[in-house]
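Given below, in the form of structure tokens, are the structures.
There are two complexes below, and they share chain A, which is joined by chain B in the first and by chain C in the second.
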Partner chain A sequence: MSQDVAAAGRRRDAVSGSDGSPVFWGRLIASAPYRALMALIGTSPTRQFVLLAALPVLWVLTQHLGPMLQMLRVSFTDAYPVAVGAEQNFTFDNYLRFFGDSIFWMPFFRTLTFAAVFTFCTLIITYPVAYFLARHVSPKNRMLMLLLLLIPFWVGEIVRTYAIMILLGNTGAVNLALRTLGLIDRPIPFMYTSFSMGAGIVYLTALYMLLPLYSALEKLPKSLNEAAADLGAGAWTRFRRVTLPMTLEGISSGCTLVFLISTGFYATPVLLGGPSTTVFAETIAGFFHVAGDEWPTGAAFATIMFFAALVITFAFQRVMKALRKGDS
Partner chain B sequence: MTRSTRIFMSCIYWAFVLYVFVPLILMVLMGFKDSKFIGFPITSWTLDWYVGVFEDAEILSTFGYSVAIAVLSTAISVVVGTWIAVVLEGRKFWGRAAMFGMTILPALVPGIISAIAFRIYARALGIEPGMGAIVWAHAVHNVPFVVLVVMARLSTLPKSQIEAARDLGADPFVAFLRITVPYLVPAIIGASIFCLLLSFDDFVRSFFLGGYEPTLPVLIFAKLRSGMSPEINAIATVALVLTAVVGVWAERFTRRTNKEA
Partner chain C sequence: MTRRPIFNRRRFLGTAALGGAALASPAYLRRAYAQSGGEVNIWTYNNFVPEDFQKQFQDETGIKVNVRLVDDQGKQFNLLAAEQPNPTVDIMTVAGHRFLQFVDSDLLAPLDTDRLTNWGNINPTFSESDWATVRGNKWGAPILSGMEVLSYNTDYVSAEEAQTWDTLFSEQYSGQTAYIIQDMMSIVMLMMGYDGNMVEYLDDPDTAARIVEEAKQFLIEKKPLVRKYYDSGAEVQQMFVNQDIVLGHSWNGPAAALITDGFPLGMAIPQEGSYGFVYTFNIANNAPNMDNAYTFIDAVLASPEIGAAMTRASGFISTYKDASQHLNDLERKATSFPDEQLANLQFFRAEANELKYGLVDPAVEAIKAA
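Up next, the complex of A and B:
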């Protein structure tokens, strides 16, 4: 190593100043503690890599996988946290409880249905916007117009949920506008329904759909559409036979993201929904507001929800893949 | 494409712009209403609600609390995320795909499930609900975003620069510090700001892992449950302005550095 430093010094380089004397880095390399440390690490690339990778692997296993595994483990026990002197036993009861009472599985299926419907709504709403941006706007203005849409999405979940509450309330802007126009006499009760919840969730997730769609549409060569037009395809046929199949991948990743995010909302359904729109997140949360012995049930329900969301997402991606293959 | 379809498409775009902006604009306006009742029309205006926010010690300390949590969790996420990215992008190794999957797992777990899992795990680790628990949960949740951004940047690092540094006497560690790290700086800054905003805006993890002291979104949520008031609008508007300004600045910053690179 000292040879290296000497060589480096002559060449005015990474570890030396302009006059050839070792600067900070050269002195660092030459210093005794640093050399001791390097001797400890060794020169074998495999050994170096193992040392480098050790902490990240440990972090990912204990911090990323750990919470999920612990949740899974707790879901099969009868008490958590365990009371002093008590025993923790293995049980399936937490899972059986889910199927035993409609108060549990109703919100579960409602959540999945809502998430699917809201995801579809988000897709329908954002596709034309992404299409317009990627295909009709000049590249110069495109970035600006996209940035304009990004601004509201920097604002947090709670603040935007509250904004929707103000928009849709009985004395909200929509009702005021409708009344001023003379379309209604009494305010329409938008709030605390699945409509207000949907408006909120679409509002919160639109960006996660818009960006994948936009990048898929942007990559699509214009020549394909022109070729289709030359072959006599009308606008609708071109969209159905060329644009849509070519952007299935963007649709697939956008829908996956939005679906997963939609199933996980807690505050938005609490604030925008009503008694008839209770979602599974509220059911799960309920077990954690009360005494500790309900935690295992909450863990089991969260596990059920996670696996259901995963299975649906996988199935959806398989279908989309099959569609893509079928078209090409 | 005919002219009328083009006009129709641009109408859809501007309608969408209205959809994403109007609720926020209305929310901001409502904070200036000189009345306790949320609702339109607004007949008289006042700044009192904003003055109230800046005079309320509890709200100000909540702001400080949220910012402190955001800064601490971001510092952890950035160090850990960059480290993981360097390992993942460095060379092929057995289990790399599995490690990548586990790395992005926290970003894919739906919010409520992630909060519950963290809550249970915090108990197992002996972390009491409160600032430490929130910082930890935010840090873990934000690591995947740092990894993705830094990995994208790392993949464009010209290997020749590292080789040149090695030829000139730098050992791998010094080459990393003097070539790789400066090259990563724009990505790291971009990722940091993204993490700061994610943490500052996060509700569900802060709600389930928090102690008695609320973060800003938790405070707004608690106030909303006991009734709407222009005071909440004023708090929310201050938070909105803060996040939007930081977000827009970050967006411009990343675009500028991407152009230079």
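Up next, the complex of A and C:
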């Protein structure tokens, strides 16, 4: 009873000051628009749902889908930005340009190949980390370990990319260590190769793979592995027949995230890649700001990559779903 | 750094050499201060508006200077085109060889040089050059000039080797070179004895296409030798400092900045020739603060000390008369070339840009894809 009185007192304090005059929240609750809104929401569940959903839906439409739809629209025009007095016409030419010129296919397929390979590498590298974290670190230390893994993500993509440059450059830490150990006489040219680009992308996307894997592994009951061990299954068999199938959902989520992100990377390939690693994002960027100034073509190419990545992701999800069904 | 009062310009000029980097502006700015205020919005490259000058200009005119950094001519074009006919920018920084594109799209206002009392402070080589006048009008005030040079680490490459672009493509420096591929297309055409501006082939597109194809095949053949196709001056600086490369094509500005920092770098305009370009301050069509824009440009042009400060900050060469007299020996060395090398230089031209980039852009994509 005394708790109810105290809670009521707190509520009263929230709407009125010490002298009894209404504070901001009190004035808000008493205001006519607020009362009208509450009356409107209270009239029916449907109306309540529509009103409450309006803001998030508006946010998704304007902030998420809006720019993409605008890009899609631009991709079907022959000029953008439109010069004063000029006319903008509808056209398919920007899409035909991609399909009609094989020059653009190489960076396109290279990007998809790189994304698939780097996704696989990220999976191979982060799975043991997630496994260790979820299965071997005590629950009280897990948060600390996760925080340590999150530290690099407190800084931006560009800073982390430069960190890779500092590591892999001719005068970087790796070459310095190898020289100090007497293993090499001349620096190994790690930088500006598919290796340096891959190292950068794996580093940048590792968290997106790690967290779904960690989540899936943490949920996996230890009793299942123990039962398999009791039945005579060795470590590899337990992993192959129990752990892996039970974490396919985490693998699927992680791979989807990393693959989609990898197809869109621009700064990292530009900074870490070499002459033979040009990715499609660089081609697209070229249309936006190099001599051509051809936004509609860039928009069309971005749309093509967007849908290609979606189709591949969809196919991958189907395969993973089939695998999960097969295992269950 | 001592900041000298603008009203006493004569005294300032008399002691400027001792004052080092101190800047001066004309006294009339004090009158403008009383009259104007407001703001001026500028799109320009990093370090093109020296901080000290900006502060002094603001203090003495009451005009707030809002600088938005840009790193690409195409981006500026797109931004401005998207904003017209009501742009937010007053002054932008267009390279001379891109004038036509901006002028054709009605993005620039013709420059009324009669409103610029300090116009005469610009070296006529730049202010009266053929590219500076388009359709009978001036469209920008030249501020800094740059050029495509062969930069080299003097610890590994000799000055003699840097006298030819061939060194950039030699097996000896395989994997230790870098260049901006779009710019190299023009230079390779020049190396092959053709007009990299493509003005000569305006009436002969077949020849133009054949030449671009030849340059493209050359760069594809030499692709295994290059370490990196880069885009920005900061990238090439980083590669030199990290010793990822020992020579490369670059703009003189970023290379000069490394030299003045004490890095063992040299620059040369090779004997086969190279191209130069000039950055200009331009006034946007329908600029919201037109009067302030003229006040700012006139103040920027007021004295060679300001030109020297711009050179010091950006590494590019000032277009002002006598600006080099206000640089120290190292800065002068980093921003000057022997006469025999300068004789190999020609300016980029805009007349054939549509033909040229229509051919060069796909060629660049092909080289990257190869």
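By our rule, the second predicted complex is superposed on the first by the 258 of 328 C-alpha atoms of A that agree within 3 Å, B and C clash if a C-alpha of one lies under 4 Å from a C-alpha of the other, contacts with A are read in each partner's own complex, and residues count from 1 in each chain.
Here, a residue touches a chain if its C-beta (ideal position, glycine included) is under 8 Å from a C-beta of that chain, and two chains touch if they have at least 3 such contacts.
Here the structure is a predicted model, which is why all the values come from computation and not from measurement.
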item: Which of chain B and chain C A:G182 touches, first, second, both or neither; value: neither
item: Chain B versus chain C as contact partner of A:I103, first or second or both or neither; value: second
item: Touched partner set for A:A206, first chain B, second chain C, both or neither; value: first
item: Chain B versus chain C as contact partner of A:W295, first or second or both or neither; value: both
item: Partner chain in contact with A:P275 - chain B first, chain C second, else both or neither; value: second
item: Chain B versus chain C as contact partner of A:G326, first or second or both or neither; value: neither
item: Which superposed partner A:Y192 touches (first chain B, second chain C, both, neither); value: second
item: Touched partner set for A:P33, first chain B, second chain C, both or neither; value: neither
item: If touched residues of chain A are counted for chain B and for chain C, the larger one; value: B
item: Touched partner set for A:P139, first chain B, second chain C, both or neither; value: neither
item: Contact residues of chain A, present in both the chain B and the chain C interface; value: 81, 165, 169-172, 270-271, 288, 295
item: Of all residues in chain B, those that touch chain A in their complex; value: 1, 5-6, 9-10, 12-13, 16-17, 19-24, 26-27, 30, 37-41, 80, 83-84, 86-87, 90-91, 93, 99, 102-103, 105-106, 108-121, 123-124, 140, 143, 164-165, 168-175, 177-178, 197, 200-204, 207-208, 217, 220-221, 224-225, 228, 232-233, 236, 239-240, 243-244, 246-248, 251, 255
item: Residues of chain C defined as touching chain A within the complex; value: 72, 74-75, 77-78, 81-82, 84-85, 101, 105-106, 175, 182, 223, 226-229, 231, 235, 238, 242-244, 353, 357, 360-362, 364-366, 368-370
item: Contact footprint of chain C on chain A as seen in their complex; value: 81-85, 101, 103-107, 165, 169-172, 187, 189, 191-192, 270-271, 274-276, 278, 282-283, 286, 288-293, 295
item: Residue numbers on chain A that touch chain B, as the complex places them; value: 1, 4-5, 7-8, 11, 13-16, 25-26, 28-29, 38, 48-49, 52-53, 55-57, 59-61, 63-68, 70-71, 74, 80-81, 125-126, 128-129, 131-133, 136, 143, 145, 147-160, 162-167, 169-173, 176, 203, 206, 235, 260-261, 263-267, 270-271, 281, 284-285, 288, 295, 298-299, 302, 305-306, 309
